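One chain, chain A, appears in both complexes that follow, with chain B as partner in the first and chain C in the second.
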Partner chain A sequence: MKLLSSYLKEMKIASRGFYFYIEIFVAIILLLVILVGVDPNPDSKMVEYIYYDMPEEVYEFIIDKDIKEGKIRQIDDTELELKPVEFEVSNKESGEIISYTYEEKKTVLSKTYQKLNPDTGKVKSTIYILDNEEDIQRLSVTTGDIAATITANEEGEFSYRYFLQGYEKERFSNILYILHTYSPDEVDAQRDLQVVREIGVTERMNNQEAVVPVFVTFAGALMGFFIIMSYIYLDKDEGVISAFAVTPSAVWKYLLSKTFVIITTVVISSSIIVIPIMRLKPNYLLFYMFLMIITYAFAALGLLVASFFDSISKAFGVLYLTMIALMLPAFSYYISSFDPLWLRFFPTYPVLQGFKGILVGQADLAYVLTYSLVFLVAGTLLLALANIRFKKSLSV
Partner chain B sequence: MISVKNLSYSYSNDEKLAVKNISFEISKGETFGFLGPSGAGKSTTQGILTGLLKHQMGDVMVAGYDMKKVQNERFNKIGVSFEQSNVYSKLTALENLKYYADLFDGPTRDPHELLKIVGLDGRENDRAGEFSKGMKHRLTFARSMINNPELWFLDEPTTGLDPAIAATIKDIIRAEKAKGTTSFLTTHNMYIADELCDRVAFIIDGEIKLIDTPKSLKQKYGKKLVEVEYVKEGQLYKETLKTVEDADRQKIADIVKSYDIQTMHSKEATLEEIFIQVTGRELI
Partner chain C sequence: MMKKIIRIFRKDATIATRDAMLIYIIVIPILLAIGILFFAPGVTDSAVKVAMFESDAPAHIEYMENYVQVEQFDSMKEIERRVGKRDDVVGIVPVNEGYEIIVEGNEDQSAIESAEVLNTLFELGATRENTTAEILDFGKTVPPLKTKLVNMLILMVIMLAGMIISLGIVEEKSDNTISAMNVTPVSQNGFIIGKSLLGGFVALGSIVVALLIMGYFDINWLMILLVGLTSMILTFVIGFIQGLGSDDVIEAAAGVKMTMLPIAGSIAGYELLADKWQWTMYWSPFYWAYKANDLILSKAADWGTVLICIAAVTGLSMAIYFISIPKIRKGLS
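Right after this comes the complex of A and B.
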């Protein structure tokens, strides 16, 4: 009863305050931006630089065949500017390292093609054909795009030599390898062996949908953490915590009622984004369960941090560093080549992975339930610690 | 109702004590004044008695509860009126009282009645954030009565209030006393202590210097005085003379006989003057 009364009071205060509407407002703005500003399936801007190390008539035959099959189409030749550059190329198989230095600027004319999506007819990537390997290497180094040399032997078999930047995931280079080593049927099986679960899921999301896991992760984690601290400091400023401390109600009920308010606002703001964009794809039961547990755990973390400082200005350093740390896994989400092992130890990493699966309706139930349990236990421990800290720090 | 034996407290958990080995007892229905200047240890003592500060050394029993043990239910018997107003500014006056009423286990007072008592009737549905400082203080004061406390802690209950509202607050304290409520009144205002308290304790530098009734203190330390203004050779003179000393009594007689008296008042020593006399410090 006391908990319910505290919760209703906190909801009343929150609904008359600034932070509550900020969250809702941000969710609405983001929804509009996603719906209006993000093309769900835009033309790919992927670029490939290719050198066919084979007689001209052979590669022209290949190109013509692809054009006839509707896989590619030729567009106007493009003038490409090759900048002065210095780099090393390391052969992954032999370990041989070759250094290159180009001091002069150079302009080349490249035959240009667009690779097409056979289903939609949309452009998937732009292919520039050059007549030597050094030029494609230079372009790859300066633009960061993929380059490849395709060679045909006397038996008419092709071999591929890719020039990568060196920071790509091993999985990516392995897929390039198996793509040309196995039959099409075997490629899928091999890809599964190489799979890091989340990439497969991301690939099934369109651009609008891909924003949603990040939003719900940070709505639950960052907002849970930051806004509950703000609420606590508002109460500290008004001195109402001391007034609560001289009532028979336990401090943990006060803390839990604050947490419930945060969960309510996060559920509302997340629903504003998730329902219109993901529609019927997610398992909503699993989604709301996971969202509430995550918010509970990060709000408990916010309570514990708040218990150590008298004001938000004193807590700002810890607040800022924690929020940066919680945001780091988003870099891995958006930059697939950036996925170091240490990043997986950040608590928002499994949250992001969990939400990705849930939102496309392909959740790994064991994964989600395991992490739900972990965050539930962690949140409860943090809340217990915060309760001890608050009991000690409530004073005259 | 309150029993304190050899209570000491240190904020830094060392030998630097904010409260030093104090002992006193307060009977049921008594209004006990805890008087001293800022930093004397008043709020620290009240903090320990209310449980806001953790008990460290000594024995403290409050409303039948041993303060060494954590027993939240003791707050059902206790009301605390804080010096600084601490109400939810986003809630209305009525919502503030209703919310706190829900936090107690037993029957509570009607919030409307309490708001009327402190003169906030008609403002029930206004948010506390829109209130003046005095109104917020009255709301905080009203909240401290919501659970009909047996033991009432009052921290500077009239500080910063205009005389009319202060008089209302004092009347409420007297009315609660008449109902049998025990009050622990912390203040540096000797006049309110004199008016309301059955007994007072003078605390300074964490130590209790004396405990007695205001009347007894005045008898013990106060000297009856006469303040006289008279004209002598065309010039106005003012003197304060003690009626208990022969030399002063003779001087009073001479003045009355020889000069033109302008004003003449008998005067009792105030509690503040006694405090200064006993402690050697002023109440700032």
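Right after this comes the complex of A and C.
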């Protein structure tokens, strides 16, 4: 009963403060940005510059074939600006290096095509066809996009010269080499013999939906860590914590009521984003349970850290480094090539994984429940430790 | 006047050292720079990952490792579990006389295609020796993703410096030293500059050190310093508005959260919006700072564009400052 009245009192105080409304305001702004500014299924921004070093009729035959097969489509010609530039092109195999200097700006008109995904019809890349190799080199070096010269000899055999930037991994070069060993028809014939088995029916999140697990994890749960520390220091400044020494109420009730305030705020701000974007996809019971437990655990961590310092300035380094460290798994979430083993030990890694599954409505129940239990136990232990620390020195 | 400003700056530096705040502000960007240094090679690796049996033919595993990241497992259950996780991993397992490709169903189509084609090429016996491709390169060593991470770090340092100013002012308020300042010969403008210098200089110094650590030796330093100096104005404005607008720490924290919106929005806008929609971000000084840094770090900057960006950062920051003058004056009094 005391806990409930303490929570209601804290909620009343929080609702009078600026922060409570900022939290809601930020969530509404973000929702509008996602709904208006993020294309759910955008076209790829990948660009290729190609020079066909072959007779016009061979080039036209290749392009017409690809258009008929639905692999590419022609769009309006594009005016491209070639900047003055100085660069070197090196051939690592032969060790040959050639330097180029272009002092004049130049504008060229390029035939433009879009490479299409036959299944979705979405654009995979935009291809600019230019009249000579110098122009594709200049464009590639200034834009950072790939360029290639495709040559056909008199026997009708093709060869390819790629221009890379130099920072690409060896594996990427290896793929380019190996792709041009057998004709596409031979590769397709052999590829058709492979059996492809789907083990799930999991849906892929679109770009709007993909933002939601990150928001819920970081702007929601993780901010609880930061905000509860701010609440504690505010109360310290105002002597509220010291006042507990002369009241019959236990410190843990005060700490828990603060945590509940954070959980309430996070539930409200997360709902503003999740419900309009994910609609009926998630299992909301599981979602809110997981969200509350995660926020509880991070808030308990914030309380423990706060108990070691007497002002936010002094706690700043620990606070900032902890938040940065906990944000690292977001890189792995967005960059699938980056998923080192050590990153999986960061607590936000399974949180992101859990939210992603829950939000698309295909959660691995055992996984979510296991981690819910882990975070609940860890949060309770952290809260108990924070309680011991605060009890020992109510003024700290 | 100058003497008084320097005195306020020195007082702030002493207080910040006592709180270890200054150390944090200097150390954190450097730690992050070192982190990016170790991060960058990993994030630019092949995006295609395959799961294979440990017991598969060594020649097959070795072949695939030349092209994609390979993870090995000892049972079908483990492979299926790995394929079912949130990232795009394709399973390749031997069946009868061929191979079975195991997918979850929600992978990026190009990841599945790459795994299928590479496995097909292995079955055909394709080797690099029979290629008709030749690869040349421009000798660049810095991947664009590293440049983006560094640029984000720079904006983070700016925000961090703004936080120092903001928290410094909130603490001055709670100690009632701002009221005390009003009865000293230090003018309000002198006080503002003095309080801002610490955050600004720390931001600029941290940016330079972080860039050197990450190996950006041959960028145009004059350009980066000019953008850095104009970003300092941005830092002052953020810090002062946040600090004076906040009565306590929780309000300063809310201010930090609010600042994250235009920063994250500017980065996302610059990176994701099509060229025809870039104008929608012109209102944000963070957008111009990010754009200028991006061009300088990727060595694609020309003076005309950089000067436009610098003018935009300065102009917008000063506009925000002048609009906020009444609020700043009120806060100081």
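Note that the second predicted complex is superposed on the first by the 246 of 396 C-alpha atoms of A that agree within 3 Å, B and C clash if a C-alpha of one lies under 4 Å from a C-alpha of the other, contacts with A are read in each partner's own complex, and residues count from 1 in each chain.
Here, a residue touches a chain if its C-beta (ideal position, glycine included) is under 8 Å from a C-beta of that chain, and two chains touch if they have at least 3 such contacts.
As the structure is a computational prediction, the values presented were derived from the model and not from experiment.
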item: First (chain B), second (chain C), both or neither touched by A:G239; value: first
item: More chain A residues in contact - chain B or chain C; value: C
item: Which superposed partner A:T247 touches (first chain B, second chain C, both, neither); value: first
item: Partner chain in contact with A:F61 - chain B first, chain C second, else both or neither; value: neither
item: First, second, both or neither for A:S5, with chain B first and chain C second; value: first
item: Which superposed partner A:F308 touches (first chain B, second chain C, both, neither); value: neither
item: Which of chain B and chain C A:G17 touches, first, second, both or neither; value: both
item: Doubly contacted residues of chain A, that is, touched by chain B and again by chain C; value: 17
item: Of all residues in chain B, those that touch chain A in their complex; value: 43-44, 46-47, 50-54, 72-76, 78, 80, 82, 84-91, 95, 99-100, 102-105, 127, 140, 143
item: Chain A - residues contacting chain B, complex; value: 1-2, 5-6, 9, 12-13, 16-17, 238-240, 242-250, 392, 394-396
item: Contacting residues of chain A [partner chain C, same complex]; value: 17-19, 22-23, 26, 29-30, 33, 37-38, 83, 87-93, 117, 119-120, 124, 140-142, 144, 157-169, 171-182, 186-187, 190-191, 193-204, 223, 226-227, 230-231, 233-234, 237, 311-314, 316-317, 320-321, 324, 331-333, 335-340, 352-353, 356-357, 364
item: List of chain C residues in touch with chain A within their complex; value: 19-21, 23-24, 27-28, 31-32, 39, 42-47, 49, 66-69, 80, 83-88, 95, 98-112, 114, 116-121, 123-124, 126-128, 130-145, 160, 163, 167, 171, 174, 248-254, 257-258, 261, 265, 269, 272-273, 298, 300, 302
